[in-house]
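In structure tokens below, several structures.
Shared between the two complexes below is chain A, which has chain B as its partner in the first and chain C in the second.
For the complex of A and B:
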């Protein structure tokens, strides 16, 4: 392993641990916040940092200008005629996106705070949905029309029209980049001008600062220890509870394999086959459709440890999570804590069986326990949830039980055991238990994504670009740069993890807690046999498919592509549904508070209620 | 079998009256719990999306002003406040004259009327040569223990000069210690009325004014 590879590994570790810890802290907050939204309360969102107006303005303008610069400046340099179309296309799409999105934000702001001047009035006069639909239409038109422009145009542009711009093509891309930059900069400036001089702006970040406040509070709280507690084990238990969730994330791939070009040494005229620090900037411009690095390139997998026994390692380490709960319950010298620890131990041991057996079907289908191969299989074929629906349901149930979350939170059921095995803990030791629990929650969501939701894969996005395929016919093709695909994949993995966490939280706020014997019965008499049935069925189907005619293979291929198309359309539809829902402006219903007011209203008059004076 | 027994049995044969209650449905869908779980999750999601949307768009109905028909009427206190009635008795304030001095003449009516005995006044004479000396006194100390006060409003009724009022519209704040609840004269003067301002609408006729109804220094007997 070269120094550069060690350096990259350290970066990957920082990314993974950072994501786990920050998301665990955020999930503690989001859990409460989401429940509050269900009940129409605000929830924990009151932590605030008051910024002076100049800092708030700088925070609005600075990042926007930075993005504008990063987007526009490279457009002025080193464009070949082949790169023009994708670059112009990406620039135009981005510009349209920024345009309608900032118009929407502004119109919402003006509606809330009142208009100042003719520009405000003009923006607010239009129905916000018109901006969104207009933006969508512009996106589609640009996407469809730009490739239709004659190729000769680009060629002529590449040759140049002579004076004053010998490289007209450079001018075209540069101007489109500058257009985007101007849109971003001016909307940031306009938004910043809305902050009045001399005022202070409360920075709440939609309430996420509350998790920071919670952590600070926990760190400064007194760390109590019961007199008869086992000193060593009492201190060790929270660490042991935290440890497995952090370590197991190491084998989850959070992005595709990155390829770095190996530079050829001038003296020996040979590549050394090792990643050097100088080569960290040599990211390959494109990779093959199967994601394999070409000869003379060095592959760097986006996971901390690329173990070929990935899934077995996860189960081995995750199993040790039981010890933390058991030790905490035993060392606390408290009978409720002991009972909680016992419950936690027996429940986790029971559900470990169902957990392991429920994904055997998935392993049989993909033919590997290597996490990268499982993800690649799902990308090439269909997501695990379509291949193994029963296995998915069983795994989901078992994983919720394994992370001791509602409706399986008997180990800490407050109506029976006060707080269960961490009853006696306070301060940051309690915080560690909490963080560990939520880190496990984040990890389990990531594992669900990796096994059943295609990992970092998005439908129709191959390592070399967008390719919409149905059966054997290619409908749409658009090549993408390697760095862009990598960014999309990494974003997709973390984004999917967050979405699955969000869905997980709904389970918690929907289902009531089971009774303890029901939990045990469910695990041993329902999940375990069902998992075995699933294995059997998978085996039969697999055997059938192996000897089937080529027609069946084609049909399976079609089914796989259709499932990918379904996912893509569903995700697209959900996004549009959410945006249009948010832009919808129904009339606010008004209610009269008293019967006399209602009579007055019926007679055409007005009578204010007692409280409305 | 005797005749009586037969009658008794015949009565029972009439059959059970009342509504038949359906047996719980135990098909696979119910037993697997999956449809019920999906339905419940859908319901919570529906609430989540509706509430999120209303809050983001600022369409949330006011729990006080729009009297909701059922549903949740929680008032999220620091952000939303229930509007108090106009005549709500809040914290006390001492009204002032045009020159900014308190209207109070330290007659001790309020502290006498106070059932909780939370008002402490130390009256003092105006210094020699002052216009008001001989007519009225002023409170050197005027202290109200807001923790002791029962907010009955007797002090306001007792005051002959409209000097003490409870129209600040504020309820006592939460403090760290008891001594912070003891409001001195300066604090009471600095409290504003609900609509702003520290005076009252009732004019005060100072000695020497032509409108002064009482005796003046130049009055001839």
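For the complex of A and C:
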């Protein structure tokens, strides 16, 4: 392993742990925010970082200018005729995106803080949804119209005016890139101008800082230990609870394999075959459709550890999570904690069985326990949820039980065992249990994504670009740069994880808690037999498909493509539905408020629609 | 090593076991009435349960003997703090019974509407809290949101959200506000919509039903023998409702049903409460229909009812009337009586004794949850620790009235 590879591994570790911890904080926030939303009250939003005006302005302008530079500068150099269309197309799409999004942000800001000039009034006069719909129409039009332009158009134009071809193209793409950059920069500047000099800007990030502040606060809390507690085990338990979630994430691939070009040494005329620091900038411009790196390129997988036995490793390590709960229950010398520890142990051991068996069907289909292979299989065929719907449901149930969340939170059910196995813990030791639980929750979401939601794959996005295929016919094709695909894939993985986390939060706020014996009954008499049935069915279907005629293979291919198309359409629809829902003006309750509330509103005490704690 | 001197059957393993004693309460998340249950566990099964009350004892009855009759209202507010208005009305009715007076019909309707609103509040709190303790947090939040709407009405009418102290001997502290009917009429559909939202989450959920069906069963005979009243009694099948059996105020004018259960388990108690809310809405709608928009609220008796402030400051009669009532209290004739109403939890009785002075000689309360709580240990023995939660939650034990 070369130094550069070690360096890359460190970066990957930082990304993974950073994601786990930040998402754990986000999940805590989401859990609490959900309860606030049910009651039309503001959730946790007290934590605030007060930024001076110049820093706030810099934070608004700086990243925008960086993005603008990254977008526009490459457009001025080395554009070949093959790259004109993708580059111009990407630039135009990006410009449209920035355009409508910044208009939306601005109109929201102006509506809240009042308009100051004719531009402000014009922006605020339009319904925010119109910006979104307009942007969407522009996106689609640009996507459909730009490829229709004949590729030789630029050439003809250049000939007609008698200009040299390459320079003309260079100029055209460069100018379009600059236009996008100007749009980004000017909207950032306009937004920054809204911050008054000398004022401070409270950075709340919608309240997500609150849970971070809570975690930090725990460090300064007194760390109490019951007098008769076992000193060693009592201190060890929280660490053991935190440990598995952090370690198991290592084998989950969060992006496609990156290919770096190996430079050829001038003296020996040979590539040295390892990644050097100098080669970190040599990211291959494109890769083959199957995602394999070409000869002379060095592959770097986007996962901390690429283990052959990936899934087995996860089960092995995750199993140790039980020890933390059991030790905590035993060591803290409290009957409630002991009962909680007992419940946690028996529940997790029981569901470990169902968890392991529910995934066997998926392993039979993909033929591997290697996480990368499982993900690639899903990318090439269909997502696991379509291949193994029953397996998915069983796995989801078991994974919720493993993370000890409602409806499986008997080990800590506060109305029965007060807080269960971590009852006696305070300060950061409690914080470790808490963070461990939420980190496990993030990890389990990521695992669900990896096994059943196609990992980092998005439908119709291949390693070399967008390719919409149904059966054997290619409907749409658009090549993408390697870095762009990598970005999309990494974003897709983390985005999907967040969506699955939302699903978890949703379950937690919908279902009541089981009784302890009902949990056991469900695990052993329902989930376990169903998992076995799933394995049997999968085996039968697999055997049937193996000896079937080629027609069946074609039909399966079609079904897989249709499932991908379904996912793409559903995701597209969901995004549009969510954005229009967000832009909708919230409905206020229509019943009459009491006179004191009316007086308060009249005196400006309660601003309707504004977040106040 | 010596051979072990025990005879073991096949598959039998002798382990020394001790029953585990667990103190649930008084500060325990599920013991919201402030109660302590000492449970003896074998595994997770409860073999013995000792229910101990009295942690919220405040000497309410003794306190009542120190002031005049009107000064008891703040105390009765704090009996069943989930529905203070019903206690207010119940106590006022008891004193009026001693005085032998009846409040005007407008006041009766007013008391009925406020009382039924309080009953809805009471049931919302009980059902919501029970669901929350079973892990269903969302219905609880829906129900508290619904209660908030009703509390807004109370705030508008009485100036206070929880402890109104709004009842008075011979009437109410104030007239209904001009907005009263509008507020109730516009608020109730919103309340019921929220209740239905919460119900949908609970009653179509197998997990919730499994937790409450056939848990904490009490037979009809046992319930009657234990002195149960109210929802908990009706859930066992006995259709005894004070509002129907011994109508007071204007309840006999209204058309409403008494929901009755069949098995007397937590599910029946939950369902009876939910249905009673709907019946309360029916009563409120009818009462608002017949309630006059103007007319006297208080009885016309200067010895009982405080005069208006304008008269106090402008006429000598008013000043004297005010002085007499405030300094000496309402002179309730000597004697004793027992008056009972249907409160949120059941029959709320007041046994009062007067010696003819302006101060109560003795006030004795018959709290409905005192009777229901005594069945708790029988209900939970044989069950598991988690069963304590729905069993206790569905009794709606309120420490304020239980520990009298």
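FYI, the second predicted complex is superposed on the first by the 570 of 613 C-alpha atoms of A that agree within 3 Å, B and C clash if a C-alpha of one lies under 4 Å from a C-alpha of the other, contacts with A are read in each partner's own complex, and residues count from 1 in each chain.
Everything below uses one rule, namely that a contact is a pair of C-beta atoms (placed from the backbone, for glycine too) under 8 Å apart; a residue touches a chain by one contact, two chains touch by 3 or more.
Please read all numbers here as calculations on a predicted model, not as lab measurements.
A.B. asks: Look at A:112 in the shared chain and tell me whether it touches chain B only, chain C only, both, or neither; answer first, second, both or neither.
C.D. replies: After superposing on A, A:112 lies in contact with chain B but is clear of chain C.
A.B. asks: Thinking of the overlay built on chain A, is A:46 touched by chain B (first), by chain C (second), by both, or by neither?
C.D. replies: In the superposed model, A:46 contacts chain B only, not chain C.
A.B. asks: Could you say whether A:511 touches chain B, chain C, both of them, or neither, answering first, second, both or neither?
C.D. replies: both
A.B. asks: Looking at the overlay, what does A:335 touch: chain B (first), chain C (second), both, or neither?
C.D. replies: After superposing on A, A:335 lies in contact with chain C but is clear of chain B.
A.B. asks: Between chain B and chain C, whom does A:406 touch in the aligned arrangement: first, second, both, or neither?
C.D. replies: A:406: touches chain C, not chain B.
A.B. asks: Look at A:139 in the shared chain and tell me whether it touches chain B only, chain C only, both, or neither; answer first, second, both or neither.
C.D. replies: Touch partners of A:139: none, neither chain B nor chain C.
A.B. asks: With both complexes superposed on chain A, which partner does A:38 reach: first (chain B), second (chain C), both or neither?
C.D. replies: A:38: touches chain B and chain C.
A.B. asks: Would you sort A:414 into first (chain B), second (chain C), both or neither based on which partner it touches?
C.D. replies: It touches chain C, and chain B stays clear.
A.B. asks: Can you list the residues of chain A that meet both chain B and chain C?
C.D. replies: 38-40, 509-511, 589-594
A.B. asks: Show me the residue ranges of chain A that touch chain B in the complex, using the header's touch definition.
C.D. replies: The touching residues are 34, 37-42, 46, 108, 111-112, 393, 506-507, 509-511, 578, 581-582, 584-586, 588-594, 609-613.
A.B. asks: Please give the residue numbers of chain A that touch chain C in the complex, ascending.
C.D. replies: Going through chain A, the ones touching chain C are 35, 38-40, 335-336, 339, 406-407, 409-410, 413-418, 509-518, 589-597.
A.B. asks: For a test of understanding, state which residues of chain C touch chain A in their complex under the given definition.
C.D. replies: Interface residues on chain C, with respect to chain A: 20-22, 28-30, 44, 131-138, 141-142, 144-145, 149, 152-153, 155-156, 179, 182-183, 186-187, 189-190, 201-202, 205, 207-208, 210-211, 384-389.
A.B. asks: Mind pulling up the chain B residues that touch chain A in the complex?
C.D. replies: Against chain A, the touching part of chain B is residues 34, 37, 40-41, 43-45, 47-49, 51-53, 55-61, 64-69, 72, 74, 76, 78-79, 82-83, 85-86.
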